[in-house]
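Structure incoming, see below.
The letters A, B and C name the chains in turn, as written, and every chain counts its residues from 1.
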């Protein structure tokens, strides 16, 4: 393929990206690990350091070694369990909604319908909406307990309007986030579906294959790979949902891991605690990623 | 070959699809409509769909009160700036990985992908402190650097998949014609990959435009893009729905238009070439 | 000038040895053809000469200068690729001019050279078109135009005609030969088609599994193949190989008779080409033979015939497939 000379140049050419990404990954991670071992609060310049700590840092921030105590406090904080639970719920529900809904919608859009392109445009649109906008539009105009559009709809059908963010904040967040990711799944699966050979479809119809068995034996296997891709990518993004929770102010009850770490650090100024939380989030994400990659690694090969 | 489909079946699916599309699109439609209402009409129940006093005043007020244009300008600068800087280092990298691959190129690509799996909260605290100490908080340069690193793996992956489709012989022909590697990249590879590069830019402008975690954490005013501008409506101005809607419409309109053009690229870019 | 000397040149990809070691002296102005079955390493050898691949061992000397470590751009060679490898985003004019621009020639000089090359190749009317607007044959000419403007020390062709249809291939073959005569430049031409090799070459290099089986003029290879491999590869229809691979006789070197001869056989099939007739003959214990008869031949399938090998036209081989002389 290439000569040693081009390969040498190639190494020079990849170097900037690799170095930049490596630093971007490793420097903050190392610092986060280091901070997570410190007692370090931006608002409390004089933490009670154990006099026995020979490492006691006498820098302006008055940081001192805290051992594993940050981890201890973070892991025993009831907010931590809530955050983990919320993170998993959010990922689980949105994945379920977007994958199942996405398959159904893709199958529908793959039919011969009038105005398919316009329908597709309308369905994909939410994916392009900035998360902060989606959060505010849903919180106010859609889900407001008195003047929201949903409240009116509920009343129209004789139902009691729901005060979403007071009584079911997690459900509200799931709806909002699913609204953004269902279109993504639909678009990917539709693209994959359209690459299914037209002749194959015709052959199946000629054979008179019942729709369900046609779906089960032909369509679903064809979609296996795109579905795994959707799961992988959505999981990456869904674990990191932040703006929707931050902007709607529902972090107290629906806060996930990213929000909790943000709260520790940038609101409570507890750098040590936030860093411990960050490391825990990294570990959790890696566990998820590990299983995910293994589960779908086979599917992504070739 | 078009399949013969009964008209009834076709009408049924059409009606069904339009209904669902309408429901999904409704929040956006509703936002746009509300932006043309007076504040009174905006919270009126039952809701007014089309028959209300149409007005443009919300747009004027939004610009006047919160200087929409500055935020929009920041969004453009951050989205384009981060994408272009990323391209500058991504093009050579993708070239090398596509045309002079080594034994570990595949691993390198997977590793780059894996950096996207790192949750941003793991880096938030140190980046925040570094930014604070180097006076980068709320500066465009700082955010551009972060957004660039954030999207670099996707950009490299996308370019890589596009470059892979270019026959290596053409680059070799340039080499035989006496072109140095730099000229080969500049005069042959890049022009040939223009459609792919344009797609890459499009997708990454969209991603950077909508990026909210870092922009909300690291900006306040001077470098703040539209994500922050909208977030500032969370309270108490959020109560003014017509203005919130006008601001929202302005924040999403440009990207909605770009996004509609970018559907194909989006599929390819976000699936790392796995679905085309 | 354009002499190229390969000195024990070898190439491996990882552990796989593609070229074990090749020695070759290519003379100035020579038209030399590398021929061999596909996958035998022809392209690899050509790309080694071009500098598109690194040598695993040995030396390449171009015009007396060791070029082994020079990048392609420094070797002063031009290459025409099988896929043409035209720059799709450039006009024909710019495709041809690209190499000259890279060399930093002044604009008027580039224009003059491009015009001359275009005139030679009948491309003048197409200079402002993009490659995708050209036919296969025209693209081929552009690729050649791109090669000739730079006045290289030698031309390298990698199966340049394999993407053309049969009629065009014959035309282009002649054009390339005329070009060779008018330029007098060294040309190395790779093909898997022995007819191309025979008709075009001054000398032919027959490659087999990366080894040079034989080097010689077309007629030398035809008349005195060094090995069973060369004997079977050169000539059409293929040489008949008999007696456990120890005897070879070409179809055109068997005299036919309806009455008598050395070998007896039954016609199984007759291919009528008009000018010739090829008979596929079952010669009993000798096996199946192909025989060429000039013009029409009256005996059809099922008929008995006798064949007599021409004097001195029998090739003998030893157990290793080497020719015995």
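We take it that contacts are C-beta pairs under 8 Å (C-beta built on N, C-alpha and C of every residue); 3 or more make two chains touch, one makes a residue touch a chain.
Here the structure is a predicted model, which means the values were calculated and not measured.
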- [ ] Determine which two chains are connected by the greatest number of contacting C-beta pairs.
- [x] A-B
Task: Farthest-lying chain, centroid of Cα atoms versus that of chain A - done: C
- [ ] State which chain is most central when centres are taken as means of Cα atoms.
- [x] B
- [ ] For chain B and chain C, let me know how many angstrom lie between their CA-based centres, rounded off.
- [x] 54
Task: Geometric centre distance via CA averages, chain C-chain A, whole Å - done: 60
Task: Separation of chain A from chain B, taking each centre as the mean of its C-alpha atoms, in whole Å - done: 16
Task: Shared-contact residues (touching 2 or more other chains) in chain B - done: none
Open item on the list: Quick check on chain C: which residues sit in contact with 2+ other chains?
Closed with: 52, 71
Open item on the list: Under the stated contact criterion, what part of chain A meets chain C in this complex?
Closed with: 3-5
Task: Residues on chain B engaged by chain A in the complex (per definition of touch) - done: 1-3, 5, 10, 13-14, 16-18, 20-22, 24-25, 27-28, 30-31, 34, 42-47, 89-90, 92-93, 95-97, 99-102, 108, 112, 114-130, 149, 152-153, 156, 168, 181, 206, 209-210, 212-213, 216-217, 226-228, 230-231, 233-235, 238-239, 241, 244-245, 248, 251-252, 255-256, 258-260, 263-264, 266-267, 270-272, 274-276
TODO: Mind listing the chain A positions that touch chain B in their complex?
DONE: 1-2, 6-7, 9-11, 13-14, 16-18, 20-21, 24-25, 27-29, 31-32, 35, 105, 108-109, 111-116, 118-142, 147, 149, 151-152, 179, 182-184, 187-188, 191-192, 195, 198, 201-202, 205, 225-226, 229-230, 233, 236, 239-240, 242-243, 246-249, 257-258, 261-262, 265-266, 271, 274-275, 277-279, 281-282, 285-286, 289, 300
Task: chain C to chain B touching residues, read off their complex - done: 50, 52, 71-73, 77-79, 81-83, 85-89, 98-99, 102-103, 146, 150
Open item on the list: If we count contacts the way the header does, which residues on chain B are in touch with chain C in the complex?
Closed with: 167, 169-170, 172-180, 183, 187-188, 191-192, 194
